[in-house]
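Right after this note come the structures.
Here chain A shows up in two complexes: once beside chain B, once beside chain C.
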Partner chain A sequence: MGIYQEYKEKLPLSLFEEVKEKTKGMPASKAKKVLARVYKAYLNAKVEAGESVGLVAAESLGEPGTQMTLNTFHFAGVAEMNVTVGLPRIIEILDGRKEIKTPMMEIYLKNPYSKGKDIKRLALSIKETTLKDVITEVSANIAEKKIEVKFNKENMKEIGITSSHVISACGKAFKGISIKKTDDGMLIKIKGGEDKINEVYKIKERIKEVYIKGVKGIKQILPVKRGDEFIIITAGSNLNEVLGLKEVDETRTVSNDIYEIANVLGVEAARQAVINEVNKIIEAQGLNVDMRHIMLIADTMCFSGNIKGITRYGVVSEKASVLARASFETPIRHIINASLVGEVDKLSSIVENVMLNQPVPVGTGLPGLVVKVRK
Partner chain B sequence: MSEVYLNGKFVGEVDEPLVFVEQFKSERRKGNLSENANIFYNDRSNDIMVESGKGRARRPLIVVKDGIPLLTEKHISQLEKGEISWSDIIQQGVIEFLDAAEEENALIAFTEKELRSEHTHIEISPLTMFGLATSLIPYANHSPAARMNIGGKNQKQALGFYVSNFLTRMDMDVNLLHTPQVPLVRTTMHDIYSDEKHPAGQNMVVAVMSYEGYNMEDAIIINKSSIERGMGRSSYYRPSIAEELRYSGGLVDEISIPDKDVKGYKSEHDYRHLEKDGVIYSEAVVGEGDVVIGKTSPPRFLSSLDEYNLAAATRRESSVSLAHGEKGVIDFVLITENEEGNKLVQVRIRDQRIPEVGDKFTSRHGQKGVVGLIVPETDMPFTASGIIPDLIFSPHGVPSRMTISHMIELIGGKVSGLAGRYIDGTTFHSEPEEDLRKELLSLGFRENGVETVYNGQTGEQYKAKIYVGNMYYLKLKHMVANKLHARARGPIQLLTRQPTEGRAKEGGLRLGEMEKDTFVAHGASLLLKERFDSDRTIVPVCEKCGLIAIYDEHKNKSYCPICGDVEITNVEVSYAFKLMLDEFKSLCVYPSLKLKNKY
Partner chain C sequence: MPKKKIVIKKHVLMPKHVKLIEKEKKDLLERYKISLNELPKIIKNDSAIVSLNVKIGDVVKITRESPTAGEITYYRVVVNG
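Up next is the complex of A and B:
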C-alpha cells in the first residue's frame, strides 16, 4: 500500500484509481515503475503556464474547418429526416444559434419498450398530430359560413384517436364556432353576422394546424434499432415533454438543440451537449481534434451561465478590452460606446498588445523579471 | 398555328410550322434567303424564331440529305484544285452555318460511320468542336478534357515568334523565342493557322525519369549544354516612354540631361549613358536605376509669391529610369511627335533571357513545370545509342492527371525524328499509336519507346528501361527574372510607415493575421514584437492629459500642446497605433493614455 501513498496526492483521483486497479497483483517494484511512468506521462500531458490554449484551440478547430468547406455534403439523410452536418452544423453550434436548422432527438426507451414493445404506437403517440394529418378534405361554404371537414378514418385509427377527440380539440382552438359531427367528418359553423365572412377563410386555413395529439414540435418520427434495443429518432425537438413520458429513458434521451438542453437540463448539460455535438461532426468527417480543445470552447461558451456564441454578440462582447472588441467586427460601435462611459483598456490581453506593438502576455511574454538593486 | 418572330419581334403566324421551317431552310440553301439567317422551331411553346442579327455564335456543318452528305468527293477535288472556294460550297447549300438555336432542331452526326437517315448534318471534322488552342494539342482524344483545357491555356502563354515586324514595334512586355521550331507531332490546325510563320516552341529530347529528386512536384530538369546551344533562349523587350508635356502658363517639360541644380538630381553616374539630347544611345548596357531618358519638369504649384522665390523656381527631375531589378541593353531609340505635337521619346530595352532555375516550361498537354535543376551534359543520363535528353520529366505527373496524349506525343516525336517526317496527331483521326510502335520497331528501336539508359555521373546502367522520345515543349512567359523578390530593408509607405506592398515597389512580404496567430500559439512573444517592429516609433506622451505631445527638435524639448510644459514621457508604440489614436480624435473620441512603468 505504501507505494501508492506517494502518488495519491500527485495524480488526479480517477487516474490514480485506474492505475491502482491495473497494477493489482504486480510486484511492488514493478508497480512503482509503472506509477513513476504514469506520473511522468501525466506531467507531460499538462499544459504549461502561459500556453495560449485558446488560440491553439481555435487553430485546431479552424484548420479542419477549412477542409470541411471543401466537403460539400452539408446534409445527410432522406428528405423528411434531414440533418445538418459538416461545417454549417459546426457554425450553428459555435454561434450559439437559438433556432437551429434541423432540431432532432434520439429517444431511448425503458425496458419493455426498448425491446420493441408497442414501438409503433409509442412512436406515433410522440409525433405531433395536427388536423391536416387526419383529414382528407376541407371545403368552405362562404354563403352559409360553414366549413366542412372530411376525416381520414384510417389515419385516425392508426394514430388511435376518435372523431369526437378531434372535434373537441378543434372546438377548444377557436372561439365563436360550433361544430357538428357528420357521417364522415365534421361541420363547422361560424357564429355571427355578415362581418364574419373573412373569418371563414382564416379559420379554414388555420384549422389545419390545430394540435390534436402527441408532443408539440415533433415533426417526424423514425423508430430504429440501435444495437439490440429500439430507439426513436425524431425530427423536431421537445425535450421537456418527451422526458416526462413514462416510457422514455430520461437518462439517455438527447436532443441536438443546445439551447433547449440549457433551458431544460441546465448549462452544465448544455456544455456537455456542445462537446458531444461538435465531436460528433468532427468524427463523422474523419477528422481528429483533441477533446480538450472542444472542451475549452464549450467552457468559453457556457461559463457565464448562459450559452454565448462565438460571435460579436456572444463571447466577443464579453471581452474586457475595448481594443480587442473593436478589432473584431463593428469597431466603431465599440469605440463610441467605450467613449460614452470612459472605458479603460488595461492592455492585458493579446490583441491590444499586438496593436501597440508590445510583447503579448503569453509564452515568453508572460513572466516578468524583477531585479533587486543593491544599494 | 404557330407564331413567327423575326429577331424577337412578332411578324405573323403560320399554319404548318414544320413545313414553313423546311421551306425556309430549302430557300436559304438555294440562295433565295440570306445564308446569315437561322430559323428555330420551338415545339414546346409552338413558335418559330428567325434570327438574322449580329453576335450569334455560328458554326459550319455539312448538310445531310437522306443519310447522304451533300459534300462529295467531287467538291473536295475541285477545292483542292482551286476551281471552287469555300464561299461557293456555302452558296450551293452544301455547307451551312447553324447558330445555337437552330442546332436544337438539328441532328448532327459525329462521323460518317454513324450517319443514319434521320441526321440533318454531319461535322466537317470532329476537330471543329474544339477551340483553336485546344485543336493544337496532338492526340487530345486520349486525355481528360480538363487537362486539354489547361494545355490550350498554356499555349497562349508560350513564347514564340508573335509578329515578324517586331523590330519596328514598341509593344509592351514582349517575349521572343530565339530559335522557335515547328512541332514534329502536328495537328491539322497547325497547317490551317500556318504555324511555320509563327511557331511557339521547340522540339526537345525528353526522358521520363527522376533525377536526384530535383524534379519532384512537377519540376523539370534541363541539360545545361542544350541551354548553351540556345534551347529555350528568349529576349524580353520593354519600352520606356517620355513625353514633353505642356502645362498651363506656357511651361514645358524638357528632354535633356538634367542640370545639377535640379530638384531631385540623382547622380552623375546615373546619367552617364545619356547623349547630348538627353536620350540614351543604342546598345548601352543598362542596369537598375540607370536613366534612360533624361527629363526635367517645371516646378509644381507655382503661386504668385513663389515667382520671386529663387528656390521654388528650380525645375524638377522627372527622368525615366530602370525600375528596381531591371536590366538590359538599349535596343532601339525612337524620337518622334505625338498627336498633340509634343516631343515623344521611346526607348526599347532588350534583355536576353537564358533558361534558369524557376523558369516555366510546359508540353502541350497541361503538363507544366518549372526548371528544378540545370545539369551539365556530362552528368546527364544517356541512352545506349548515346542520346542525351534535353529535358527530364517526372513520371509522377502522369498517373493522377491521366495525360495519355503526353505519352503518345513522346513516341510520336521519336518516330518523327527518326523517320524524318511529320506525325499527324489530329484529335480523333491521328496516326494510330500501334502504327507508331511498329514503325519505331522497324527503325531499330524498342517498340514501346523505352531505352537502356546509363547514369551520367557513375556510368552505371539504370535497372529500369527509360521512356525516351521527342516532344514539343513550350517556354512560358512566366520567368523568375520577372518574379524573384526578397527584401530586408526598403521603402515604406508615407501614411502608415509600414513597408510598401508588391515587387514593383520593392515591398515587404506580409506576415498576416493567421501567421501572427502561429507566433502567439508558440508563445514567441518577443519574436512577434520584433516582426511587427517595422513601423515602430517613439512618441512623446503628455502625462497629464494622455495625448501625444510635441517634440521640438530645436529646443530639444518636449511639450504638450494642451497642458504646456508638463511631464512628458517617451513611449514606444507602433505608428499604426498612433494613427489610430489620431483617427479616434477625428471621431471626437478622446483617447487618453495612462502611463505606468511596466518594470
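Up next is the complex of A and C:
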C-alpha cells in the first residue's frame, strides 16, 4: 500500500485508479517502476506553462462552429415543440443570454410515476393552465357591460378542476367585477357607470390569460419514454417550482436555462450545465471537440461567481487592461472612460503588448531573464 | 399540488461544497503562492453554500467529478454580490 500513497496526491484520480487496478498482484518494486513511468508520462502530457490555452479553446470550438446548422428543429410528437440547436444555441449559451429562445425542462419522476402511473394526469397538472384552455367561447355585451364565458367541461374534467375553482381564480384576478355561475359557464358583470365600457373590452381579452392551475411558465408538455422510464419534456421552464413537486425526482430534473440553474442550484451547478449543454449540441451535430476546451470556457464564464457571457459586457469587461478591452469591441468608449478615471495599464497581458510592439508574455515570452553581470 | 422542501445537495449537477478551516486556507494560499483575491469567487448567498454558514473571505473547497481526471478539487473564495 505504501508505494501508492506517494503518488495518490501527484496523479489525477482516474489515472491513479487505473494504474492501481493494472498493477494488482505485481511485485512492489515493479509496481513502483510503473508508477514512476506513468507519472513521467503524465508530466509530459500536461499543458506547459505559458501555453495560450484560451486561444486554442477558441479555435477548437470556432472551427466546428462553421459546420453547424443555423436552423431550429421541431420535435416529433403530438405537441409541436421548437428546439434551438446548432450554432444559435451555442452562441446563446456562451453569450450568457438571460432570455433564451426555447427554455425546456426534462422532468424525471419518482417511482411509481416513472413507470407510467398517472403520467397523463401528472403532466397536465404540471402544465400551466390559463382560462383559454378550459373555455369554448367568450362573448361581450357592451350595452349591459357583461361578459359571458362558456366552459369546456371535458377539458376541465381532464385537468381536474371545477367551475367554482375557475370562478374564484377569475374573481381574484380583477377588481370591480362580480361573477355569477350559469348552467354552462359564468357571467361577469362589470361594476360602475358608462365610463367603464372600455373596461369590458380590456377584461374580455385579459381574462383569457388568467392563471388557473399548474406550474407557471410551463407552456407545453410531452411525456416520453426514455430507456425504461417515463419522463416529461416541457417547453418553458420553472426549475424552482418543479423541483418542489412531490412526484418529481429532484436529483435528476434539469432545465436548459443556465441562469435559472445558477439561481436555484448555484454557480457550480451552472458551470456543469454549461458544459453539458454545449457538449450536447456538439455531439448532436456529429462533431467532436475535446471536453477540456469546453471546461475551460465554462470555468471562465463562472469565475466571478455569476454567469458572465463571452461578450463585451461579460468576461471582457473584467479584463484588467484598458487596451485589451478596447481591442475587443467599442474601442473609443473604453479609452474615453479609462481616461476619465485615470486608469493605469500594467501591460501584463497579450493584446496590449502586441499593440505596443513588445514581446508578449506567452510561451517563451513568459519567463524574464535574470542576468548575472560578471565583474 | 403538494409541495416539499427542495434538497438541492443531491442534484446531479451539484458538486460537493466544503468550507475550509483557517489553517487549510492558509496552507492553500501558501502552496499556490497566491493572495485571496486571485481565487475564483462564489457569491455569499449562492444556493449551494447557504447551509455551510460562510462569511466573506472564507474559502470553499469544491470536489467536482471530472470526465478527464476522475475527480478534481477547485477553490472559490466567498465574496459579496
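Note that in this section the second predicted complex is superposed on the first by the 332 of 375 C-alpha atoms of A that agree within 3 Å, B and C clash if a C-alpha of one lies under 4 Å from a C-alpha of the other, contacts with A are read in each partner's own complex, and residues count from 1 in each chain.
We adopt the following convention: a residue touches a chain if its C-beta (ideal position, glycine included) is under 8 Å from a C-beta of that chain, and two chains touch if they have at least 3 such contacts.
Since the structure is predicted, the reported quantities are computational estimates derived from the model, not experimental observations.
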Clash or fit, chain B versus chain C on superposed chain A: fit
Should A:344 be classified as contacting the first partner (chain B), the second (chain C), both, or neither? first
Check the residue A:284 against both partner chains and state whether it touches chain B (first), chain C (second), both, or neither. neither
First (chain B), second (chain C), both or neither touched by A:142: neither
Looking at the overlay, what does A:244 touch: chain B (first), chain C (second), both, or neither? second
Who touches more of chain A, chain B or chain C? C
With the two structures laid over each other on chain A, which partner does A:224 touch: chain B (first), chain C (second), both, or neither? neither
Answer with first, second, both or neither: which of chain B and chain C does A:36 touch in the superposed model? neither
The superposition places the nearest Cα atoms of chain B and chain C at a distance, in Å, of 22
For the complex, give me every residue of chain A touching chain C. 12-17, 125, 240, 243-246, 250-252, 254, 261, 263-270, 272-273, 276, 291-292, 295, 299, 302-306
Residue numbers of chain B touching chain A in their complex, please. 516-518, 520-526, 528-529, 532-533, 535-536, 572-574, 576-577, 580, 584, 587, 589-590, 594, 598-599
Tell me, which parts of chain C touch chain A in their complex? 1-8, 10-15, 17, 40-43, 46-49, 62, 64, 66-72, 76, 79, 81
Considering only the defined contacts, which chain A positions touch chain B in the complex? 50-52, 55-56, 58-59, 332, 335-336, 339, 344, 350, 354-366, 368, 370
